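One chain, chain A, appears in both complexes that follow, with chain B as partner in the first and chain C in the second.
Coming up: the complex of A and B.
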């Protein structure tokens, strides 16, 4: 096996509060191989986005990495200073966000915003950076790119803005791109186009991708491996094909049960749902966080935290019942 | 006004100006007393015959609508009339006072905006810091203290107790020297009134700058800027400040009119020979032509400043430009 682009090991993230600290991420571990797509899956509030922000060094105030390491090509980002992070961000690792409507600065043109990355990391002159920005807009299939370059974000549709975000993120041909629910705010037809673009760019640039989503359909289509997260913990970790065919964790089984099966043609086939709600992170007991919503849970599940166990090569799960 | 074409704005500005003239004219003539009474009382009173004579001289015996049309017609020819008290053209009287007021108000505004913005930005970057507490206290005190009271305190402190600055006027009449010495003398006189006038607005601008900077720093595009690997300086002073400045420009445009009102008080306290004091004196003397002239010029100034603000806003906010 080659050296991973990203190796997340034992990462615990805490939020400091007056009443003490709350663990938002708990002993998280996964790797991303060069050119690979890893999906982070789970309901809102499970810590997917927090994981991305921790990798980028963009955690909000009073939230910090309390333990573990985040290695990008061997360099630990969790311990890097601000200067080092600024050198790496936007160059070797970049990120696109959920809402393209607000992620671009309203007072600068699209061209200026893309060119800025190239000027900072590549030291290009303003004219050269702008010329390169034009190439990038072409690369993300934006119509009339020369005109768009001089436009402001509010003059573009949501789909186009997300393409601009992608152009900005891949400007320096990063080793790793993190896409945090990149299509959630977009129309369904545009969603497919954006996924197609991401797949295409990934192949052309050979970059690795972390795709954060709650859309199991997108996971099945795009990802090589998936990390299923629940209440700040990775509960299952497997190649996507295997995860969908034979999910081990009851929570993963629940998530997969929520996907409508288009191919079977049975419109009346019942969709299952996971009962209950995502628990409050501050009120999690000593046992499995999913126990209260799990049909299989017993007293042992609530008493002790299930360790992450290897079920098959590359397939790990944290469940007493699996 | 925002959003319309420049031509449309000009048309509505003319309409507004006409309304201002009409309103002022009517209100001034509704008030009891006229210039004939003040003029004659200065010479120890007069009989009804003399009063009528003076009123005839100034056209005050004509019906109000005739007086108004005559005034409007002169105004359209660029004639603001003659001051009854000074017996001199109103335009010249105002022009003499325009520069001191513009100097005072302009300095105060720039001082308030620049200093306020700086304080606000520092406060926003360290929400728990000393500057943040300072801004809160300053806003409360500066905003609630009446400007003439602040002026008197400033006078007591820096002209009487610690005589660093002159207490009254704009120039030292005893001064003999070249133009550079004169400029320095005016600036020396300017310090106390400008600081006093700025104090009220400083409080507002520092608060406004703090709020809009906090908003900007919390925005998604700031997270994007950081994700691009930009340095803290670029993130704050390019990406955040450029957005945070927008509300400040809007408020500054609106406040020029408030500032002119504040100037009346400050000019009175510091004996500053500006338009505000002229207005105050012309009210006391029932000098209707001068009063109308000052109100007209002030309204014109406010309208022009508002239009300039609009243009400036278009230049700095692309979202307005394309609408």
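Coming up: the complex of A and C.
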């Protein structure tokens, strides 16, 4: 096995509050191999976006990595200082966000924003950086790229803005791209195009991808492996095919069963419900956080946290009943 | 009396126009046709789904059926009556028979009103029952959507998104409507919560014989909820068919593109997507509509005639209508 691009090990992230600290990520561990796509899946509040921010060193104030390491090609980002992170971010690791309108700067042209990345990280002259920005717009299949270069974000459609974000993110040919719900704000036909673009860029640049999503369909389309997260903890790790064919954790089973499925469609069958809702992280007991919503849970589940156990090679689950 | 087989809702050549502000001072105001000559009918006790992307006019169609926006032309028949011709007091009284569930349960509930007041308000406006009866009805409605009676005393912000949508559903059912228009009722919710709300809507429909007009951008949701489905693109209905039929044998290239684009958990088993099936480019803005078929610019099968002449929505057979010069299975 080759060395992973990214190795997250035992990462715990805490939010400081007056009443003490709340753990928003708990003992998270996963790796991303070169060129691989790993999906982080779960509902809102499960900690998937927080994981991305922890990797990028962009955690909000009063939230910090309390334990564990995040190694990018061996270098621990959790302990890196601001200067080191500034050097790495946008160069060896970069990120695209859900809403490209708020992530782009409204007062600079698209060309200037892409060029900035190259001037800062590659020391290109403004003219050279702009020329390279044009190439990048071509690489992300934007129509009429020379004209777009001079446009402002508000003049572009949502799909085009996301392409611009992607162009900025891959400008320095990063080892790892983190995509946080990259298509949630887009229409489905445009989403399909963005997925195709991400697949194509990955192939051409050989970069690894972390896809953050709530959509199991998107996971199946893009990812090689998936980490299912619930209430700040990874509850199941598996290759995507296996995860969808034979999910072990009751939460994963629920997430797959609650999608209206038209292919194997018996439209009259009720959708699987996951009753209740995501628990308050500050009020989680000692046991499994999913126990209150789980049909299989018993006293043991509520009393003791299930450890992550290997079910099959590469397939790990944290559940007493799996 | 209309015979029982007559549709509960019949929309006939409906158009809705919005006037856009002039781009220059003293310039001409432009008119945008958000809904253009849309016709469909919904049988009592069934669900009619409308799918489409943003800007397709599906929410405007919903608003027009509810008489919340002005209608430029066309007729809306509800149980044989001209809903589009009603006004004033007659319209107000009629409204108890049709209600709407809105997309965003965060902005569609008054943050300053208690839940019981929110649910009771349609009864107050319609002057249905005595005060005591209204109170009892409110409790009954809370139970119906799976909320405890104590919930009535709380404010909307004390609830999660899924619970708020239940409150919105309870409000819509307060007057015992025959038709409920659901405008993207689950798209603001997490997937696990979506399933709860969809199952609830389906159960309510079964138990009370409700008729739904169900609007969504999610094909899976529409497939699950609806008997009959219409696909909208830039203000036009481009295809209508029974749900099963539409999704297994779509005829319009846009419907095919939507189906091909939908991320599926069966992505791995699926034979590789036909390259031509994915729509090209972004949907154009509804303000920049050219002549001919509106999908022509993104369609891989488009010919010269498509850019010249807009195809009409015509029946292919008894069940299936499509608007395409080259519709093939």
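One rule holds in what follows: the second predicted complex is superposed on the first by the 318 of 322 C-alpha atoms of A that agree within 3 Å, B and C clash if a C-alpha of one lies under 4 Å from a C-alpha of the other, contacts with A are read in each partner's own complex, and residues count from 1 in each chain.
Note that in this section a residue touches a chain if its C-beta (ideal position, glycine included) is under 8 Å from a C-beta of that chain, and two chains touch if they have at least 3 such contacts.
Computed from a predicted model, the values in this text were never measured in an experiment.
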First, second, both or neither for A:258, with chain B first and chain C second: second
Touching partner for A:216 - first (chain B), second (chain C), both, neither: second
Partner chain(s) touched by A:206 [first = chain B, second = chain C, both, neither]: neither
Partner chain in contact with A:195 - chain B first, chain C second, else both or neither: second
Partner chain(s) touched by A:126 [first = chain B, second = chain C, both, neither]: neither
Chain B versus chain C, judged by how many residues of chain A each one touches: C
Contacts of A:160 with chain B and chain C, given as first, second, both or neither: second
First, second, both or neither for A:314, with chain B first and chain C second: neither
Overlap of the chain B and chain C footprints on chain A, listed as residue numbers: none
Chain B contact footprint on chain A (complex, rising order): 56, 58, 82, 85-91, 94-95, 97, 99, 102-109, 116-117, 120-121, 152, 154-155, 165, 168
Touching residues (chain side chain A, partner chain C) in the complex: 43-44, 143, 157-160, 187-193, 195-196, 214-221, 240-241, 244, 254-265, 267, 270-275, 277-278
Of all residues in chain C, those that touch chain A in their complex: 53-54, 160, 162, 190-196, 198-199, 202, 217-221, 223-225, 243-244, 247, 257-258, 260-268, 278-279, 281-283, 298
Complex contacts: residues of chain B adjacent to chain A: 219-221, 223-232, 234, 239, 242-243, 316-319, 322
